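These are the structures in question, set out in turn.
Next, two complexes with chain A in common: one pairs it with chain B, the other with chain C.
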Partner chain A sequence: MDWARTIAIARKETLQIRRDLRSLIVVLVMPVMLMSLMGYGINLDQTHVPLCTFDQEGSQQSQDLLKRFAHNKYFDLTLNARNYDEMIAAIDARQCTVGIVIPLLFSQRLREGDAVGVQAIVDGTDPNTANLVIGYAQQVTGDYSTTVAVNFMQRRGLGVVPPLSVDARTWFNEELESRNFIVPGVVAIVMAVIGTFLTSLTIAREWERGTMEQLISTPVSALEVIVGKLVPYFVIGMADAAFCVMIAIWWFEVPLRGSVLVLAGASALFMAAVLLMGFLISVVAGSQLAASQFSLLITFLPSFLLSGFAFPIDQMPLAVRLFTFLIPARYYVVILKAVFLKGSGLVANGSQFLGLTLFTTVVGTMAVRSFKKSL
Partner chain B sequence: MSIGANSVEVEDLVKRFGSFTAVNHVTFQARTGEVFGFLGPNGSGKSTTIRILCGLLQPTSGLARVSGIDVAKNPEVVRKNIGYMSQKFSLYNDLTVVENLRFFAGLYGVEGDRLKQRIAWALRMANLEGRESSRTATLPGGWKQRLALGCAVMHQPSVVFLDEPTSGVDPLSRRQFWELIHQMSGEGVTVFVTTHYMDEAEYCNRLALMYRGKLVAFATPSELKRTSMKGDLILLECESLGRAIQLIREIDEVREAAVFGNALHLVMKESSAPIAPLRVHLEAHGIHVTRLEKIRPSLEDAFVALTGHAPEPAAESA
Partner chain C sequence: MKESFARIWQLIVKEFIQVFRDPRARFSLIAPPLVQMLIFGYAASFEVRHVTTAILDLDHSQESRELISRFWASDYFDITGNLKERSEIAGLIDRRKIALAIHIMPGFAENLRKGQTAGVQVILDGTDSNTALVALSYVGAITQRFSQEYLADHIMRTMPAVARVPSVQLMERPWFNPDLDSTWFFVPGTIGALTLTLVMTMTAFAIVREREIGTLEQIMVTPVSPAELIAGKTVPYFLIALVQLTLVALLAVFWFRVPFEGSVPVMILGSFLFIFSVLAIGLLISTISATQQQAMVTSFFFIMPAITLSGFSFPISSMPTFLQWLTYIDPLRYFEVVLRDSFLKGNGISVLWPQMVAMAVLGGVLITFASIRFHKTLD
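For the complex of A and B:
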C-alpha cells in the first residue's frame, strides 16, 4: 500500500464531501431524527391503561377495591359502567383496554371467608399490552387479597401471619425503564443505517459518472481506494456516533456507567464494519440507486429485528438465532447495553469484540477482493 | 528504448464478449515517438483494443505489449508508464482544475518540486492559467479535454492512449489539441489516438484501420490513399444526383458509386478505363454533366474502398 496514493484519494473524497452540502446536512440531521423518533416512539412500558369498571354490588368493599385500581399509575379510570353491555361497548370502541367486574355478593362472601373471583376483561388484540395489564391487575387484587386475609385473621383473634413475598431487586435498570434498554440499541441502529449509507454511494457514483475508468487506469490499488475513501467517512461516522451517544446521555438521560474509552473503541470497530459493508454493496450494486436501496434493506430491518435491540435473541428459533451472527449490530448492541447500564469493560465484552473484529475483517477483505480494476 | 523501436505491440489479439467478437485476430505495432492513428467506425473494436492495452480489459487470446511489457501479466507496471484518456470525459466535475491535476499527480506519485513544475506545465499547456480554481464542471468542452490530457500525462508517461479525445469539441479546440499531440510526439512520447475524423487521420504518422473487429489496413496516410484503390477515382458533378447514381450503377465498368457532398465519387473497375462513355450515358437520359474528371483519392475514399461504407459521424461508440 502506497501512502501518498491513499492520501490523494482521501483528500479528493474530503473535497467532494465538502462540496456536497446537501448530503452532509442529511448525514448530520439523520441521527437526531432517528434518535428522537425511535427513542420516543418505542416504549415497552404500559402506564395509564384506560380502565372501565362494572360494580355489580356497589358496596363499600367493592368500591374500596376499585379505588385501588383507579388510584394507580398503571390504570386510568375512564368509565363506571352500569351494565355489561356498556362495558363491552366501551372495550369495542377502544375507550378502555381492560374492564374489571365485581360480582354480586362480593363483600358477603369475603366476610364469610369464601373465595371470590373478580373478573378482568382484557382487549387482547395487542397481546403484549394484554399480558402486562393482566399482570398489573393480578398485583392490585393480590395486594387487596392480602389485606383482606390479614383483617380476617385479626377479627378472629388469630395472630398476624405475614404472607410470603418475593423481595425483588432489579440491577442495572433499577426503575425498569424500557427507555434505558431501548436507547442504547437505537444508537446501534442509527449508526448501522448511516454508516452503510455513507459509503454505499461512493464507488457506484464513480462508475455512474465515468470517473472510475480514469481512476483504474492509474497505478492505484483496490486497498488504497478503499482505505482512502474510508478515512473521511469514518470521521463523519464517528462524529455522528458521538452525537447519538450525547443525545442518549443528555436528552434521554440513559445512565452511562462504563468507560467512554470502551464505548469509543466498540463504536470505531462497528463504524468500520458498517462502512466496509457499504463499500461492498457499492462495488456489487453498480448503480447509486440500487446501492442506496440495498444498503437500507440490509441494515435497517435486520438491525432492528435481529440485533437483540428490543426483541431477545434467545427467544428466536435456532435458524434465526444463527443468522443473527451475520448482523454486526448484534455484537454492538450487547456491548452498548453492557457499557451503558452495567458499566462493564473490555474483558466482560471480549467475545462481542472478537465477533465484531471478525465480521469487520471478513467484510473488509470481501470489499477489497470484489473491487476489480477492470471494466 | 531506442528511437524507432516499437512501444506498442499487438499480436493476434482477440477479445470476445459472449458470442460477439469485438477484436478479431489483430496484429500491429506503434513505433516509439510516433502519432499512431486508430481509425474505424463505431463498434469496430478501437476502444476495446485501447482498453486492453491499458489493462482495463483482459484479452481472450493473443498478446498486447506496451514498452515491451505484457499488459495482461503486469497491468500495474504498464499503468505506471502510460497515460489514458477515456472516450467519456472522466475527471471530477465537482473538483477545481488544480484539484484534479493534484489528485492525478498524487496517484502517479508526482511530488515536491516536480509536482509544482508539472502543474505549472499542465496549466500552460492546457491554456488554463488563471482558471486554476474554477470548478471543472464550468469549463467549456475543449478546455475540459485539454485538462483531461494534462491529468493523464502528469507523470510524463512514455506512451499516451487517447480514445476519441476530440469528439464533441469545436474545430478550433480540435486544432489546438492536435498541436499538443504533435508537441508530445516531438518530445519522444508515443501517442496512440483513435478518431472518427478523416482530417485528423491525416495528421497521424501511421494509421491502423479497424472494421468489424478486424484490421483492414495498416499504413501511412499517403500509402493508404495510393494503394487502397485498384481502379481510378472519378469525380462527377451533375444534376439530380439520386437518379444519376442509379444510372451510373448500371454501367459495368463502375465498381462503386457514392455521393460526396454535391458530387459523386466513382471507382472504376480498372485503372485507365475510359470515362467519356459515362457522360454519354447520363446525357442520353437527359442529365446534364458539369464536371467529369479523374481525381486523387482522399483518405475518406480509401476508407470507403476498404470497408465498403462511408465513415460515420462522430458519436458515442462502444
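For the complex of A and C:
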C-alpha cells in the first residue's frame, strides 16, 4: 500500500465533498435533527394514564379508594362514568386506558371481613402500556387493602402492621427514566444510517458515471482506493458521532459515567464497520438506486429493531437472537449504554469490542475482495 | 381523454418493464418484505419474561424460603443462583449476568413472627428502564400477595377471635389482547412501518432517476403531459405496494396468528389511502430533488422520524406537545390506528373515518404539490 497514492485519493474525495456543500451541510445537520426528534419522540414513561371510574356503590369508602387512584401521579382521572356502557364507550374511543369498577356492597363486605374484588378494565392494544398500568393499579389497591386490614383490626383493638415492606434500589438509572435508556441507543441508530449511506452512494455514483474506470486505469490498488475514499468520510462520521454524544450529554442530560476514550474508541470502530458496509453495498449493488434501497433495508429498521436499543434482545426467540449478531449496532448499543450509565470500561465491554472488531474485519475483507473482483 | 388514457397506459407498461427487467429487482420486491416481516415480527417486543434473578437469603428460614419459592414458581423470573454475600451482586449486574437481585436480611422470619414489618430489598439494573419497571411491578405483585396471605394467616393463628380479614383484590381484564401478547401489537404495526419504507424507496427515485439519466427529456418531447406522467409513475408503484402489503398482512394473520377482528373492506380502504399518501410524499421528494443522492437523503430523513413518531412502538401520548403536533402530518400515524383497530378491536368505518379522511387529505394535498412542482421544474 502506497501512502502517497492513498492520500491523493483522499484529497480528491475531500475536494469532491467540498464541492457539494449542500450534501455536506445535510450530513452534518441531519444527526442533530434526528437526535432531537428521536430523543424527544421515544418515551416509554407512563405518567398521565387517562383513567375512568365506575362506582357502583358510591359510598365514602369506595370514593376513598378511587381518590387514591386519582391522586396517584401515574393516573389522570378523565371520567366518572354513571353506568357501565359509558365507561366502555370511553375505553373504545381511546379516551381512557383503564377503567376501575367498584362493585355493589363494597364497603359492607369489607366491614364483614370479605375479600372484595375490584375490576380493572384495561385497553390491552398496547401490551407494554397495559402491563405498566396494571402494575401501578395493583400497587394502589395493594396499599389500600393493607390499610383496610389494619384498620379492621384496630377497630377490634388488635394492633397489626403490614408484614412485608419492599425497598427497591435501582442502579444506574435511579429514576428509571426511559430517556436515559433510549438516547444512547439513538446515537447508534443515527450513526449506523449516516455512516452506511455516506459511502454507499459515492462509490455507486462513480460506477454509474463511469469515473470508476478512470480511477482504476491509474496504478492505484484496491486497498488504496478503499482507504483513500473512506478516510474523509470517517472524519465526517466521527464529527457526527461527537455531535450526537454532545447532544446526549448536554441537551438530554444523560449522565456520562464512563471514560470518553472508551466511547471514542467504540465509535471509531463502529464508524469503520458501517462505512465498510456501505462500501461493500455500493460495490455489490452497482447502481445508486439499488445501493440506496439496499442500505436502507439493512440499516435503519434492523438497527431500530434488532440492536437492543429499545427492544430487549434476550426476550427474542433464539433464531432472531442469533441474527442480531450480524447487526453491528448491537455491539455498539451495549457499549454505549454501559459507558454512559454504568461507567464501565474496556474490560467489562471486552466481548462487545471483540464482536465489533470481528465484524469490521470480515466486512472489510469482503469489501476488498468484491472490489477486486469487480475490477 | 381516450388518448390520454392510452398514453398513461403506455407509461405504466414502460414502468413495469423497467421494474421487472432486472431479475434482482424482481426478487427484491417480494423477498425482503417477507423476510423482514418474519424477523421484525419476532424482534419487536417489550415483553418481560425470564428476568435473570439472583437470590441472597441471609435468613435461611421457612418464611424466607416460602417467599423465594414464589419467585421460582413465576414465569417472569429465571433464578440463576443463590448468593452468599451482598458484595457479589455488583459484579453480576455489571457483567449483565443478572438484572435483579432479591436480598432477604437476617431476622426476616423473626420480625414476621413477632408481627412486625420485615424488610426485603430488591436491587435492579435500571439501564433498561422499561424492563426494570415491569419487573418491579411483578416483584410488587408477588410480595403483596405474600404479605396479604401472611397477615391473614398470622391473625388467624394469634387472634382466634377474628374469623376473617378483609382485603381488596384487583382483577385486571385486559381487553382486545387478553394475554397482553406483544406480537399482537407489533406485528400489525410492522405492516405499516415496512410498507412505508418500501413505498418511499421505490417512489422517491421515480422521477429524479429519469432526470439524472436524461430520459426525462426524451419523455417530455412526446405528447405526454406532466399530469399523465405523474399518473403513469404512480399506478405501477401503487399496485406493487398493494401486493407487498397484502403478502405481509397475510403473514401476520396466518403465520403470526394475530386475530383479525375488523372488516376487510375497511382495511383495504385504509391501505389504499395510506399507500396513496406515502406515494405522494415520495413523488414530491422526487420532484424537488436534483439528484438521486438528494432524493435518498431526503427520503431517509423522512422515514426515520415518520416511523419513530407514528406510535408504532412508542406511545404518542408520552411525547412532548410540539412533537405530538408534528405527528399529524405523518401518514403512518393514521395507518397504525387503522391497522391495530382492524386487527385487535374490530372497529369499523364509524370509528376510523377521521383517520381515513386525514390520509386522503394529506395524499391529495401532497400529490397536488408534486404536480405543481413538476410543472415548474419543466419550464
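Everything below uses one rule, namely that the second predicted complex is superposed on the first by the 371 of 375 C-alpha atoms of A that agree within 3 Å, B and C clash if a C-alpha of one lies under 4 Å from a C-alpha of the other, contacts with A are read in each partner's own complex, and residues count from 1 in each chain.
One rule holds for everything that comes next: a residue touches a chain if its C-beta (ideal position, glycine included) is under 8 Å from a C-beta of that chain, and two chains touch if they have at least 3 such contacts.
Here the structure is a predicted model, which is why all the values come from computation and not from measurement.
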Side-by-side fit of chain B and chain C on chain A, or clash:
fit
Thinking of the overlay built on chain A, is A:356 touched by chain B (first), by chain C (second), by both, or by neither?
neither
The chain contacting more residues of chain A, comparing chain B with chain C, is C
State whether A:245 touches chain B only (first), chain C only (second), both chains, or neither.
neither
First, second, both or neither for A:15, with chain B first and chain C second
first
Kindly classify A:337 by the partners it touches after superposition: chain B alone (first), chain C alone (second), both, or neither?
second
Partner chain(s) touched by A:367 [first = chain B, second = chain C, both, neither]:
neither
By the touch definition at the top of the document, which applies to A:213: first (chain B), second (chain C), both, or neither?
first
With chain A as the corner point, what is the angle to chain B and chain C based on their C-alpha centres after superposing, as a multiple of 10 degrees?
90
Could you state the shortest Cα distance, in Å, between chain B and chain C after the structures are superposed?
15
Under the contact definition given at the top, report the residues of chain A touching chain B in one complex and chain C in the other.
none
Within their complex, state which residues of chain B touch chain A.
51, 54-58, 75-76, 79-80, 82, 84-86, 88-95, 99, 102-109, 111, 148, 151-152
Applying the document's contact rule, which stretches of chain A touch chain B when the two form their complex?
2, 4-5, 7-9, 11-12, 15-16, 19-20, 209-221, 373-375
What residues on chain A touch chain C, complex-wise?
22-23, 26-27, 30, 33-34, 37-38, 40-48, 65, 91-93, 109-132, 134-139, 141-142, 144-146, 148-149, 152-153, 156, 158-174, 176-178, 180-181, 189, 193, 197, 201, 205, 288-290, 292-293, 296-297, 300-301, 304-306, 310-312, 314-317, 319-320, 323-324, 337-338, 341-342, 344, 348
Partner chain A, residues of chain C touching it in the complex
24-25, 28, 32, 36, 39-40, 42-50, 52, 93-95, 112, 115-134, 136-141, 143-144, 146-148, 150-152, 154-155, 159, 161-178, 180-182, 184-185, 193-194, 197, 201, 205, 209, 292-294, 296-297, 300-301, 303-305, 307-309, 313-315, 317-320, 323, 340, 344-345, 347, 351
